[in-house]
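These are the structures in question, set out in turn.
Each of the next two complexes has chain A plus one more chain, namely chain B in the first and chain C in the second.
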Partner chain A sequence: MPTTEQLLKGVDLFEQHVKAYDEEFRKRNKLPKNFDYRPYRWCSRDIVFSLLVVKHNRKGNYLEVDVCLISKPPQYVENSGARVALGFLLSESYKCGGSMEIVFTPNVEGGRVPAYICDLAIEMGIKLNYVPKGHISPFEARQLYLELAGFSKEAKERIMKLALEGTISPERICFLIMGGIWTLPEAESMILGSQHPERLLQSTSEPDERHLYLNDLMVASATILGGVLDRKLLKTELFEGGQIVESEDEESPLSIDFDQAYFAKIYRSETDLIIPWIDENKILTSGQQMVVLVRARSDSEIQKYFPKDMSSLKKLIAKYQNDTQTMIFYLIPRDFEDVSLATQSQIIAQLKKVGVYLMISPDNMASLNKEAIRRLETGRRTRQ
Partner chain B sequence: MMKTNVILVAIPDSECISERLDLRVLITRALKIEARMEKGVNLEDEQRRYQIICDRMEYLGNLISGTKKVEFVNLGENYLELLMLMKKKFPEETKRARVMSNFCPAALVEKHIALFESLARQASLLELEEIKKKIEFYRAAAKQKCHVLELQELVADEETSNSVSFENLKEKFLSLPVNDGITSTLDTNSFMALRSQMNRVIDEVNKGVQTGVNFSDLSHNVITEMLHEFVFGAGKPMYLPVVYADGTKARPFPIHCLKPPEKGKVINLPGPVINVGQLSGRHQEMDPKMNIYFFRNQEISTGKTAAEIDSVSYLEAKKIFERLRKEGVYRIAYYQTGFQPAVVGFYRALTEELLLKGKKAPALEVTPYYFFGHYEKGKTWI
Partner chain C sequence: MTQCCGKIPTVEDVQAIKESIEKDGQKKRPKVSPQGNSFQGEIGEWVAAQVAVEQLNLRPEFYDPPRSSEKGIDLVYRDSQGKLVLIEAKNTEKSATAALGATKSYGKEGSIEWIEYHARLMCDPSSSRYSPDNAKIGEEILRVGAANVSYVIIHTNPSTLKTDTVKVR
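Up next is the complex of A and B:
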């Protein structure tokens, strides 16, 4: 743990950097380059998690950290400040195109790797070999990044296989999540649910190669459809000043798993949750499980492929039937409303017969595809 | 895991219209866009239009195949994998044969399948069931004068197996070559720092570590002089991976591949020296001194990633050098002003051009002059 003196010195230095930054960039309406010192304050509401000042060291091709102050707010999970700080440092290091080595200057706890980051590394079971010298090597950075991203064991397995095949680096996958292009559950859906996640995650297919591009687009749209449901379920509302507001950083205590065999999402909640987008009032009670077969289909595809989806649903029911608490859902986009009324009734009746709830997302295929194209395009401009 | 079935649908002219959409019109539009995309002008807009048209064709294809009596065949889950294999082996030919396209107008069906068959033969895929089925289907479609659509359906593959133990996998993963050393933080000048970075990357490449020299944010004279040192320096010829600070990866740079002129030997190429500025419209104070600019700013500053700018500059420079080669001997005083990806792209093309001459007498000489308000002469590339 840093000493009080180190903390105070760190805060002073941070303020100096902020002043210098204001003078050099903000007041001149200029943007800093990667190799300029940039101060960052990581907060949520009125809680500061970390104060950081970083730059890309051009000569050494590493990320140089001049201020790294980390807090341990008791309201949050263990080492949350270190998680925030390390997540940013690793992502910034990747973004700057450096070697992934991180170097702490003597201004950071006398030039060592900060104690809270060491605690976090211990928690994650990763050995840091250059703590007194203040360096995190690219090898250590790779392991820290992969652990920090929070993948399930199955997804980690697939990522490691992809890295061994040399098709995509784990750092890129982690960056796509930490950089907010894909959420963790979305990335898991692609990694486990697609034959070629490396193509999707690197956005390598071009629109003129229609077969490959369409294939990626279809998986990406299904992933986004599942992601929309994740966000809907995770969203919590708070009562503040007599008004209901959406919470900025608090989410429902929901675990999200993925059944890769069926491209289905599995949700378990620790509190009661209202299940959205279905025709009746249903609640996912604490400890209960819901399995959602995600199918991003247009109206013509819904009609054409419903028998196949029905067959998958029956298998899903058989797979999860031991657990009577499990509810099964069939999630499709709003394009369902464009299907003829007679077909709609037939589909609803068949689903009812096997005890599956029809879940219609407010998004349609056009908006899902649009979002998929945007994400693929953003991913393309990310470091390889 | 989701797998993809590819379904071929043959649609005769009489069945081309559904829900006010005419497949023939869409096909004509798509072909026009393909021709425009080939030129690379307004590529993103064209790609967007192409996506919309293809999407409509697929919608129509699903509709027609679901409601009308048309011929179709399912090529199964492996077909797309075979196309990828074909593309990997013969990328250019695959593109020319429109193998990745989702439609084929009736007039092109015969030509397409002939090209496809020849490619499949070259890739030793001709005997595979999926390929045979496609060729047979296209031949029948050609006879019936049908248009062909290639539709995709995602299907859940319910047999997902995991045979390797997690611990074994992790062990292998951790043994992947990644640098576990640390860099000296001693302050050095920019030339020494880039030299040491390039040496480290060479070392890592030799160990099989995924790596790259980051040229971003470095002064253009430092980049050029260090590239000169490594291109003309002694060592095993190799390609140096290149990355930029926006994270993009460019073509690798050939190093240790050219011989410097013998010590003390001065090569004097005939003819006048031409003053060539690097990039037009950037530093107008240079205009009176320049005979011509090498790159047009409009062509190079495309606002894309650094690797793309590097690539555009490299390809453009290659074209210009090829033209100069045909014209004769050239002596160029190259007035540089920065813009790292354009600098790297230019010198990559120059290195390759100089490599082409082999043992023949030199016909191209480029001497960089670095612009810092005044000009500083760099080492000559010949």
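Up next is the complex of A and C:
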């Protein structure tokens, strides 16, 4: 545990770094390079999770950490401060182009790996071998990064397979998640639901390679459609002064799995949740499961491929029929409204017959494609 | 935590952080809240220590507890047969079991996995929870098995000051 003296010394050093940064960069309206010391503070609302000062050491090709102060806010899950700090250090290490090695200077708890980071490593079952020397080796850093991103066992296996084939590095996938380009459930959908996830995650297909690019765009749009539903379900609304307000930092306790055979998402909640975007009032009760077949289709595609989707839905029903509590949904974009009224009625009637609920997202294909292009372009600009 | 945001702070930001640390150092006590806070936690532990000795006839064990704002095993005692009894002190308006926190990987406070995780922390010299006394207790928990160690919640309601004891295991 860091002593009070170490804590106060660390805050003083952090202040010195902030003043130096102000003088050298802010006042001169200059931006720092990766090899300049940069101070960061990580907060949620008014709670400080971590204070860090880092730079890329060019000579040693590692990330040098001069201040690493971590808190353990009791309002959050255990080791939340260490999660935030380590997530940043690993992402910064990747972004700077180093070997992923992290080195703590003697100013950090006397030159050892911070105790709270060790607690987190123990929680994740990862052994750190150079704690007294203040080093996290590239191998340990990769293990920590993959564990911190929180992938499922199946996704981790696929990632390791891709890494062994040399198509994509695990740290790049983790960086895309930590950087907010894709959420964890979205990345899992692509990794498990696509034949070539490495192409999507590295944004390698150029628009000129029309077929490859369109294929990637289709998978990315379906992934985003599923992601929109994730966010809608995760969002918690609180009542404050008689008004509904969205909570910035509270999410519904929801588990999200993925059925790779059907590109379907499986949701389980620990509390009752109102199911959005359907015609009737339905609640996903605590412990109940809902399976959503995600299909990002335009109006003409909906008409053309509905029989195929219907057959997938029937297989899904057969797969999950053992659990009578499971509800099945068919999620499509708002383009459904552009389908002729007669076809709409036919689709609704057929779904009702097999007990599937139609779920229409407020997004249309144009907006999903636009977002997919934006994300693929952002992915192209990150370190390969 | 999911919305935790990082930025390069200004000198004013650092001043505010320093002031809040200094305020904490001056022990300005916050108000009692139904959700609980570190001040209430300290009172809860003090009450729990009294209840453990006077009502449950337990014998205190050498143990370095976590800081008041940190999670972990609050108090460690032994019963008349010499078996370890782990005590969780709660000072909140919530019920004793509802006030239990959770980890990402090891479930709720007091679960077998949670106790094992904390025992491992106590034994590992790199961890923040390590001390020679804690290591002895951690090793004993791992040796006899977390399922065979008693876990008791001593709950105090801050409004009524009534205390109740819940034996989880």
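Please note the rule applied: the second predicted complex is superposed on the first by the 380 of 384 C-alpha atoms of A that agree within 3 Å, B and C clash if a C-alpha of one lies under 4 Å from a C-alpha of the other, contacts with A are read in each partner's own complex, and residues count from 1 in each chain.
Assume a contact is a pair of C-beta atoms (placed from the backbone, for glycine too) under 8 Å apart; a residue touches a chain by one contact, two chains touch by 3 or more.
This one's a predicted model, so the numbers in the text were calculated from it and none came from an experiment.
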So, after the overlay on chain A, do chain B and chain C clash or fit? They fit
### Query
What is the contact status of A:R83 with respect to chain B (first) and chain C (second): first, second, both, or neither?
second
When the two structures are overlaid on chain A, which partner does A:R41 contact: first (chain B), second (chain C), both, or neither? second
Rounded to the nearest 10 degrees, the Cα-centre angle chain B-chain A-chain C in the superposed arrangement comes to 140
In the superposed arrangement, does A:C118 touch chain B (first), chain C (second), both or neither?
second
Quick one: classify A:H211 as touching chain B (first), chain C (second), both or neither. first
By the touch definition at the top of the document, which applies to A:W277: first (chain B), second (chain C), both, or neither?
neither
I'd like to know which partner A:I373 touches here: chain B for first, chain C for second, both or neither.
first
Larger residue footprint on chain A, choosing between chain B and chain C, goes to B
For chain B against chain C after superposition, the smallest C-alpha distance in Å amounts to 19
Residue set of chain A touching chain B in the complex reads 33-35, 56, 58-62, 94-99, 101, 103, 129-130, 133, 135, 137-140, 142-143, 153-154, 156-157, 160-161, 163-164, 169, 192-195, 206-215, 218-219, 222, 260-263, 298, 300-301, 303-305, 308, 312, 315, 369, 373, 381-384
Listed in rising order, chain C residues that touch chain A in their complex are 1-11, 13-14, 17-18, 20-21, 35, 37-38, 41, 67, 69-71, 101-106, 117, 120-121, 124, 126-129
As the complex stands, chain B meets chain A at residues 1-4, 6, 34, 37, 47-48, 50-51, 54-55, 58-59, 62-63, 65-66, 80-81, 83-84, 87, 95, 100-102, 150, 152-160, 162, 164, 166, 169-170, 172-174, 176, 178-185, 187-188, 190, 193-194, 197, 210-214, 216-218, 243-249, 305
In their shared complex, chain C is touched by residues of chain A numbered 1-2, 7-8, 11, 14-15, 18-19, 21-22, 26, 38-44, 48-49, 51, 72-80, 83-84, 88, 112-113, 115-116, 118-119, 122-124, 128, 131, 248-249, 251
